[in-house]
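In what follows, chain A forms one complex with chain B and a second complex with chain C.
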Partner chain A sequence: MFKPIKEMMRVGNATTKYPFAPLERPEGARGKPEHDSANCIACAACAVACPPNAIQMVVDPKGGTIMWFINYGRCIFCGRCEEVCPTKCIKLSREFELAVMDKNDLEETCTYPLQKCSQCGKYFASAKEVAYAGDILEQQAENDEEAKRARELLSVCPTCKQKADAYRAKRRVDTVGDPTPDPTPEQMDEARKQADKNKAERRKEARF
Partner chain B sequence: MTIVDRPLPDRLQYKPEKIELDESVKKAKAALLNDIKRSVYIYRCDLGGCNGCEIEIFATITPVFDAERFGIKNTPSPRHADILVYTGAVTRPMRVPALRAYHGAPDPKLVISYGACGCTGGIFHDNYCVWGGTDRILPVDVYIPGCPPTPAQTIYGFAMALGLLGQKLHHKDIVEDGSVKAQLRFADVPYKVRTTLEREARLYSGYRIGQDLSDEFMEALERDGSVFANINDLIAAQSDSRKAEVFRKLRGDLEDMVVTPEQQEAQLKKGLERVVPHGDQPDATTQAILRGAGVQ
Partner chain C sequence: MTKEKNPYAGRPGATHVEAVKERFPGAVTDVSWSTDYQPVITVDADSAPGVIEYLYYERGGWMPVMAANDERPLINKFALYYILSMEEQDKCMLTVRCELDPVSGEFQAVSARVPAAVWSEREAQDLFGLTGRNILDNRNLVLPDDWPQDLHPLRKDSMDYRFRPAPTREIENYDFLKDTGDHETRVIPMGPMHITSDEPAHFRLYVEGEQIIDADYRMFFIHRGMEKCAESRLNYDGVNFLAERICGICGYAHSVAYAETVERAQGIEVPKRAQYIRSILMEVERLHSHLLNLGLVCHYTGFDTGFQHFFRIREDAMDLAELLTGARKTYGLNIIGGVRRDILASQTAETFAKIDKLRDDTKRLCDQMLSTPNFRKRVEGVGILAPKIARDYSPVGPVVRGSGFARDARWVHPFEGYQYIADHHKPFTEESCDVKGRTLVRVHEVLDSMDIVEELLRDELPAGPILNDKFHIEPGKFAIGYDEAPRGENVHWSMIGNNQKTYRWRAKAATYSNWPVLRYMFRGNTISDAALIVGSIDPCYSCTERVSIVDVKKRKEQILTKQQFEEYGRTQKHSPIDM
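Presenting the complex of A and B:
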């Protein structure tokens, strides 16, 4: 009769004390993704990587803001956001007590300003992202002049850069001449003949 | 906020009708939510899930987590249920069983949305045959997110429904004015060295762990004192031989990237030989460069 009681004493109580005592979760347990808003550059890498679109970015080009948005109710805790984050501002914590009574409480947003183009005045990228890229370029620059120039060019939007390149190319054509002029009719005939010849040779090879 | 919804034309979207509660039922339910002074029976309803949630519910009633110590008991019929647990993303054919279970349970009853799919549709939220969440058709009281929710998460959700624990997560709207700059990670390590080490570490031991290992390695690089001495200390301190192996490989990669003054000179000479072939007299500019480099 004492045998089972003895066995019970030996084995002890296997049930966890949770929820009456805090639960210890092991190292590497995947819980709520914690977002460090100060270190985030709003680059949207996490939004691109997120398989269920729990993280999304909402751009307001008129108001000049970009909003980072997460829905913990949709998150599958895969940790892709953590992997791709360039500043490591998003980390999966061990926090697991995420149940809510109101669905709205599952959502979190963080709004960041956008960078204005110094030439056309349009918003084109997150201001913090541009500043971060500037820091990296400064780190790589060989001298102060190069760093300064990189900083100046950073606040120009891609459209304006393309326009500037096009104008420069046009100026070169106007002053120096066309570096790749259109072929003359004779050159075109020659090229066509060569192509036909190549084709015939390929056919010959294929036959044998 | 409904920013997750795509603006499709209304005629293309089916709008499921949500069940609205009577005032009297609402009152009874509010009283029930605050404190249930009896054991509750739950009925589990799968609306097109992957069965991950079911496995975790089963894990919750095992002796380790033992949900039955709160009087929670699984019942095979909705007629006996106080709490209805809905898992899955609510597929179109499963709406009928969902409603039958709901109407079969006696009032007042609590509805729990279980798992990421039950809460919002989860990874299937934009599937064509999915309605995306239990709350599209039923009045939900507690949402338990997770994919699947662990037994601890499940117990927390049930404890909240039973009024044992309070809610921890709250809606947050943060507005940054951009005055706080993002910190550059390992600013003292040259950019190319940092990216190369990160890439190699990820190749050696996977994306997630590789990142952690390269971080540890670069912390050693940034420490005061001789770089290679620090790295050797780091390798010697590792008890895990796999980690030490990765660090040794990273040290090899770093050694490849280090250029000694002799190597630099040899490279310069090689480059100049290409510019000025042997036997030719270099022009004035090249001569100046050669003199600057200390090459005669």
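Presenting the complex of A and C:
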């Protein structure tokens, strides 16, 4: 009977002044993700990693823009975006007071231009991402010639690259002839054995 | 025994496999090991009940869960995986697998012989449209009573995870069980919304005067469809974060259990340091969860001073979690292959300081609680869970330990960091079988948890990496993941499919095993004790219930004013809900 009363006297006031005074959170507490729009290259790594789809990328292929979009109402503060960002432009802050009067205020967007293909003129990737890749390739290039060529190649979309590759192969066949000779009987035997082995493995897997 | 006769000699569970083969000649069609510790026996569907009854009652098995799986796209069969935790001799997690006809989906219900399977089998009937012959209880479990009869959400070909069917009938047609003999009883409804429970569940107490003669309940009002969502929308490594949201209290344990299923099935080695960190965080979680329940048990017995004080010191446990993980709850630190955040030296020092303070506070408060005469009178002899009922239904955690069974996954099947310290720990049990027993188990465990955190952090924490990201995912493999959450053993089962997806994920929360015994705990007590008894299993509603069926027929959102709400509450006429 007297023990609880003693405990009450011992503890005194246990509450804090919050919200009238700020609340201290420890180092490393996870709160609102802060997006550094200047360094973001709109590569969408965060959107792929985000488990609850709080971060999404909205592409407008006609207008030539890609929009980084976050809904803080969906965010679970896991920090996967921070982990995967190649340019370290998302950081989790310690901010946790995210309540708003209007739901729309929970959303933030940031729009970036898309890169036009130098061949077909279609938009194919975030311009800043292409430039970022170009910078890396330029640093790794051995001479100016190579760097210039890397830059040129980057501004071509994957479809056009595939097309160019196909044409080049066709030209080679037309001028030099078929570059792949017929396989020898030994090579054929080897290939058949491999095929049988693969089939057996697939059958084993298919049981589940 | 010759080598030919027993090719598995020495592997965990081999003696069980042999015993089953001997007792049921011809029933076993295949034997394999999904991991070293997890044998899988495939039996023909008709002999499954016999085999499981034998393993359960005669060879010391307990049944956490059964996972149904729609394997028609793979082998054109449905499959059932009855998971048995073999705890007496030759310890292992044993799976009895059987395949069912893809068209009729009929199986011989195991629950007729082993009641512990009843919820899992009812769930399989609801979600997969299977039919259990002789099933112990044929009512809906998970699906609402107005759900279309032929729509089974977890069948691969049934529906999109966003689909919300229109209700098929107006009236409630759930038959509540009533076994009151020749007593003349009245019905006292409790819930779905009740002041003593923070989540919805509907109880019907059949009372004679003050005495509860029988009781029944309807739950799954807030089933959220997580399993469907996981297999449709998330990648296998995103499911961790969803698993953590099964429960608002013991979510981290779910996240560990899911990560374990994938890691074990794929043979991914988790670095030792990551295993330790997982164990430490699970104990930190147990601290705050048990303190919460100790507070609540004070509250239910009218000792509100104790309630306030327990919640005050629980705040220190929450601060500790925030210090180590960056969040008070839902730590979000697990990922397949390890953890995402290390424990630094400065944090270790601070942890020790916090735990010292917490230990003093907890000891003092528990002493006060247990020496309060009113408290003792309210909990002694209330909510008796007879050992016989406990044995039949496989409850877990403090509920079963309060009835004298030493079941604790940490020490029976040591996993993660616990396997390195299991030799000098054992489960704590109480023989009194009542609310007091369960409370004492929690008091002991909360103090024990503090010792474990200190032990793991102080001498043991090995150096090294915390994440292994060099692995290859192979589809079709499955395994069991289990751990001891504050409320008991969480058991997850998953199979990875193609496209980086989880083909099937079955999550069993601790409380899922504890609900079925509640009916027996109610009997013979007074109405005023009902809330206390529910509280003593430390129930966790949304853990049990993983799908919420909201009627969004008209795709409309509506906000009720307080006035409308109160008006409707008083008159129960002219529902303002226009959906």
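Everything that follows uses one rule, which is that the second predicted complex is superposed on the first by the 166 of 208 C-alpha atoms of A that agree within 3 Å, B and C clash if a C-alpha of one lies under 4 Å from a C-alpha of the other, contacts with A are read in each partner's own complex, and residues count from 1 in each chain.
The working rule: a residue touches a chain if its C-beta (ideal position, glycine included) is under 8 Å from a C-beta of that chain, and two chains touch if they have at least 3 such contacts.
All values derive from a computational prediction rather than experimental measurement.
Asker: Determine, under the contact definition given at the top, whether A:76 touches first (chain B), second (chain C), both, or neither.
Answerer: both
Asker: Once chain A of both complexes is superposed, is A:40 in touch with chain B (first), chain C (second), both, or neither?
Answerer: It touches chain B, and chain C stays clear.
Asker: Who wins on chain A residues touched, chain B or chain C?
Answerer: Greater contact footprint in residues on chain A: B.
Asker: Output check: A:104 vs chain B and chain C. Expected answer is one of first, second, both, neither. What do you get?
Answerer: first
Asker: On the A-aligned overlay, A:52 touches which partner chain: chain B = first, chain C = second, or both, or neither?
Answerer: A:52: touches chain B and chain C.
Asker: Taking the superposition on A as described, I'd like to know which of chain B and chain C A:3 touches: first, second, both or neither.
Answerer: Touch partner of A:3: chain C, not chain B.
Asker: Indicate the residue numbers of chain A shared between its chain B interface and its chain C interface, in ascending order.
Answerer: Shared contact residues on chain A: 14, 25, 51-52, 76-77, 79, 83.
Asker: If we count contacts the way the header does, which residues on chain A are in touch with chain C in the complex?
Answerer: 1, 3-4, 7-8, 11, 14, 25-26, 28-30, 51-52, 76-79, 83, 92, 205-208
Asker: Spell out the residues on chain C that touch chain A in their complex, using ranges where they run on.
Answerer: Touch residues, chain C against chain A: 71, 74-75, 234, 238, 241-242, 245, 305-306, 309, 312, 319, 322-323, 326-327, 330, 332, 340-341, 364-365, 367-368, 371-372, 474-478, 495.
Asker: Which bits of chain B are touching chain A when the two form their complex?
Answerer: 1, 3-4, 63-66, 69, 116, 119-123, 125-126, 135, 140-147, 150, 152-153, 155-157, 159-160, 164-165, 167-178, 180-185, 187, 190-192, 207-208, 211
Asker: For a test of understanding, state which residues of chain A touch chain B in their complex under the given definition.
Answerer: Those residues of chain A that touch chain B are 14-16, 18-19, 23, 25, 32, 37-41, 51-53, 56, 58, 69, 71-77, 79, 82-83, 87-89, 96-101, 103-113, 127-128, 131-132, 135-136, 139-140.
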